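Below: a set of structures, written as structure tokens.
You will see subunit A twice below: alongside subunit B first, and alongside subunit C after that.
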Partner chain A sequence: MRNKALLGLRGQGEASTAWMWQIAPTVMLLLFFFILPLAGVVRTSFYPGTRSFGAEGFSFEQYLKVILDPFYRSVLIDTIVDGLIVSMVCLVIGFPVGYSLARLPPKQRRWRLILVILPLTLSLVVIVFGWIVILGRGGLVNQLLVSIGAIDRPIRLPYNRTAVLLILVQQFLPYMILSVMSVCSKIDPVLEHAAANLRANRFTTFRRVIVPLAAPGIVSGMILVFILTVSAFVTPRLVGGGNVQMLGSIIYEQVIVALNWPLGGALAMVLLIVTSIVISLANLLAAKKFARHRSSANAK
Partner chain B sequence: MQNDITDKVMATLGVFVRATVYVMLILPAVIVVIASLTQGDSLSFPPKGFSTQWYSNAFASTPFMSALWTSTKLAVTATVIVLSVGSAAAFAIARYRFIGSSLFQSIALSPLIVPVVVLGLGLLQFLSWMGFSQSYLGLFVGHLIIMLPYVVRTMVTGLLLLDRTLEQAAMNLRAPPFRVFCRITLPLLVPSLITAGVFAFVTSFGNVTLSSFLASSGTVTLPVQIFTYVEYSYDPIVAAVSTIVIAVTAVVILVIERAVGVDKLF
Partner chain C sequence: MDRRSFLKTTSLTLAAATLAAPNILRAQAKRFEGVTLNINGYGGDYDRILKESVAKPLEDQTGLRVVYTPSTASAAVARIIASPDNPPFDLVMCDSPNMPDLIKAGAITPTNLGPDVIGRIVPSVREFGDYGIPMSVASMIVTYNKTLVKSPLTSFIDLARPDLEGRVAMFNLENSGGVLYFLALAEAGGGNVDNVDPAFEALRKIKPNITAVTPSTVNLLQLFEQEEAWAGAFWDGRVFSMQKAGKPMALVPPKEGLYALRSYVSPVKGTKHPDAVKAYLEQLVTGPFITELSRFFGYVPTTNIQLPPDVAASVIPYGKGGLESLRAINWEKVAAYRGDWLSRFNREMR
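Now for the complex of A and B:
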């Protein structure tokens, strides 16, 4: 009987403790290598001084530094703004793609979907390297500009914030596209035909029917892109060099290069708090704004 | 009339945006592959001449090849472990009602939304407190944590969609539980297992963000090796090595397309 339960074959309603054995390995894994390490970051962020090993005591020193130092404060604000910009751009250019993927017949969808999944699964560092080749001194963009006579000799293109944001958009776009696609494929096309019959043009249909119904996918896509952007550090380091500082890259620097874990921990906690606030705000706004729309759309 | 104009503008804009997005998505990978075939000593586009010399250089380079071996070994072993651990958890979530079930599920999925720099610092510090710093273990468990959400999500969905009457029929025919599991449940779960395994594999194989926190001199993965190399210099050898990574990723995606169909993933 126990065998049967362990293999998950019991009927419903039969009491069993098999689930305990089934979740035990995952619980141990998450407890020791996820929850305790995160709790450790909370503790470290309250150490005074700059020692990473054998630190003792309790103080708010690191947090005060993050909040009062103009450098950290401006990096924090810039990073949040970057996160908002990248998630907005991803939404604007990702939505048409996700929507069209949801409406395409399976055969045409397959290859387009592979184009979306490849950059999603490809190592980030390879993508960034590809962009360095595109934007670099001997790269595609420079060659094009020289050949059309816009510039005389190759200029140094990367190493600025615009380039970093462009590359982040490309990296995280697949998350947005897939998120939009999965909600749009659940919207019944009949609703759009009904709107068209009522003489709504495409824009009205889009605004009044599709957006409210796709809101959950839009919100979860934007949240994901925001989190990925504010914790990015590979792209700012490789493309921005020392010129573009983002929260992720200064945390990486404090932890790996400067070996100042207490400060790194406080910065990491600030990042965690910011992302949690943004997630709850986004969910709240979406719930408020679209609950009304949805109920009126349903009523109609 | 006004409707017509708005519709036309939106349709044209849509075509334009979609074309741009697809080109933009695939561009970096294509450029890397083309640039790796250059004859010259510096990265340029279009490449100067055609040669495969940078591939011979890449295959002869000890740091890159040992990193490729580390990455492959890590991705394969971690995939096997996470598939068994995560599938067992998915069984419990999908088939039993227990207190804290939904809490357990959301914690198992949360590594997706915790910023990776936070997890990186946490694991690095915790392992050094436990006396395991600079070891393969850190990299291994770190990867298990970030692979887990994909496996749990895919397997829970797969199990909920599985038609349980087939199992009940087998049991009614007096098949012993182990036999039912091996002959009915497992074969029906194969597509989900392939999907989960492939996603776990590419997540580990390509990861640079968490690995760069946990890798030490003896355990450098390929993406970390590329990262540190590109930080100081770049020459066509990186393009050749990156092409190897692209090839592995593309092969893996085609496997999933053949076996399950990318259409059924989302």
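Now for the complex of A and C:
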């Protein structure tokens, strides 16, 4: 009896430590490759002056520069707005594709899924230069517009904000599609048939059944696309043509070109904080809406 | 010792010597067998020429293996400064603007080559004393499409001409080429490295004509090749290559003067293979690399090598003064001010 009790206690103890071993590799990985480097960035951002090598002291100089300078403020706002626009456009385009893929039999889904994932396997620089060729005056889009009579002569399409947003949408759309698809594939089609039996039209079924159930996928997809967009720096640098500034490219310039790591670090931390706030707000809003929908469903 | 054991010992010694001999000889001939040098790369044809005329002969002669990892010079410099105790490269290739920070951070060491090697380098191209071997000189010139621009351009400020509206492409200040035309505009307007207001004034005049400013050489090349841009400021070597490929691009030394940077290769502090590094640098200076670079890019040689007549005839002309006519640039000040210039450029050209 006593032995059994001891064994039971040991079993409980083993169970309580087992989870620690299971998460240990992830924790170690995050500690060494995320937390420690991040701590380095935080420390660097508090150095005074323009260089971190040989620097000493602690100062809020960089943060004051970022917060008080209207240029950095406007670039930060533009970056956040661009992130929201790209997330919304990806949702509008990606949701129908993700939903339809989820409703396909696995055999048919496989090849379509490969087509969705294919752009992710290409180098970003190759994609961007490809787009510049397509959007150029002698490119496919201009030729098409001239041939259908929409324009008289080729016009300048790249090197503006619209072109940057278009290419960002193309780059990050697969993330939204995959996120929506993974959630929609778990929604039982019987629920849609039930809604139809209750005389709900397609739009009502979509609004009151599919969207609430797919909300976690929508939110995670939008967050993913938002994060990728606000941290983008290759596309705005190459397609923006100097007219489009995003915070990612300014951080790159300060860290890599000017070697001003204190300012680059402060810009990166401000971006991280603002992005975290936006994501937390989005999560909070989604959770609230979700809870309200669930309580009204329970009441009925 | 009896006869039998004498014969046995002798034959064993001979056999061992016979077996070991090739290894001893190989060890003497290939003194860097098993050693690998890591160097950042510029990519494309520059790296190809390095591989063919420096790395391959070295590997054949000494067994030394050289690995080039293409990236931007600035990114390589940032990586070296970020990890001083465990540098990712044995040698770093970078341009004049990067050198002051590397020297200040103590990330590179003097080359320590003998006078017979160093003596071959043209004195005026050595901007940092014993630091770095200058491999090539690249200058910013005015270029335009001769079939699309009817009236020739002669200076950077000509890019503000009304007939070029929406047809000018240039580097931004992230690319060192941008810094060169920027300094040219500043000094031509009465300013200097400490006062760049005239450069921004000139840029405000050019701005309505600009279709794109970019940090990427490939992107700018694409803009000229696709005729998206008709004129701009570009690297002399790249325009030379476009001309060789049949593009009707003009290569005009600007009236503001020739502003150029050097591309250096420097030993990184803390390299585990200082002898191999030295051998690499010697091969680079004394081997066929400089000639091949001149042949392909048209660069003026940085050493006193006698170019073959066909190569010498096609080298980019720097005028009567040759390399001596290049404007001197205070790179220490450029490194100190560049961050501020970048910020102001981003604001004003947005």
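Brief remarks follow.
Please note the rule applied: the second predicted complex is superposed on the first by the 255 of 300 C-alpha atoms of A that agree within 3 Å, B and C clash if a C-alpha of one lies under 4 Å from a C-alpha of the other, contacts with A are read in each partner's own complex, and residues count from 1 in each chain.
In this text, a residue touches a chain if its C-beta (ideal position, glycine included) is under 8 Å from a C-beta of that chain, and two chains touch if they have at least 3 such contacts.
Model, not experiment: these values are computed from the prediction.
In the superposition on chain A, A:245 makes contact with subunit C only, while subunit B stays out of contact range. When both complexes are overlaid on chain A, the residue A:71 reaches subunit C alone and has no touch with subunit B. After overlaying the two complexes on the shared chain, residue contacts for A:203 are found with subunit B alone; subunit C is out of touch. Touch criterion met: A:237 reaches subunit B and subunit C at once. Using the contact criterion defined above for the overlaid structures, shared-chain residue A:150 touches neither subunit B nor subunit C, since it reaches no partner. Of the two partner chains placed by the overlay, subunit B and subunit C both lie in contact with A:129. In the superposed model, A:287 makes contact with neither subunit B nor subunit C. When the two structures are aligned on the shared chain, A:257 is found in touch with subunit C, with no touch to subunit B. In the superposed model, B is the one of subunit B and subunit C that contacts more residues of subunit A. Legend: residue contacts after superposition of the two complexes on their common chain; A:53 is shown touching both subunit B and subunit C.
Note: residues 53, 129, 132-133, 136, 138-139, 237-238, 255-256 of subunit A belong to the subunit B contact set and to the subunit C contact set alike, using the contact criterion stated above. Partner subunit B is touched in their complex by these residues of subunit A: 3-4, 7-11, 16, 18-23, 25-27, 29-30, 32-38, 40-41, 44, 52-53, 93-94, 96-97, 100, 106, 109-110, 112-119, 121-134, 136, 138-140, 143, 170, 173-174, 177-178, 181-182, 199, 201-203, 206, 223-224, 227, 230-231, 233-234, 237-238, 248, 251-252, 255-256, 261, 264-265, 268-269, 271-272, 275, 279. Subunit C makes touch with subunit A in their complex at residues 72, 74-75, 77-78, 81, 101, 104-105, 166, 172, 174, 210-216, 218-219, 222, 226-228, 335-336, 338-339, 342-343, 346-347, 349-350. If you check the complex, the residues on subunit A that touch subunit C are 50-51, 53-54, 71, 129, 132-133, 136-139, 156, 158-159, 237-238, 241-243, 245, 250, 253-260, 263. For subunit B in complex with subunit A, the residues that touch the partner chain are 2-3, 6-7, 10-11, 13-14, 17-18, 20-22, 24-29, 31-32, 35, 42-46, 84-86, 88-89, 91-96, 98, 104, 107-108, 110-126, 128-129, 141-142, 144-145, 148, 152, 167-168, 171, 177-178, 180-181, 185, 199, 202-203, 205-209, 212-213, 222-223, 226-227, 230-231, 234, 238-239, 242, 245-246, 249-250, 252-253, 257, 261-263, 265-266.
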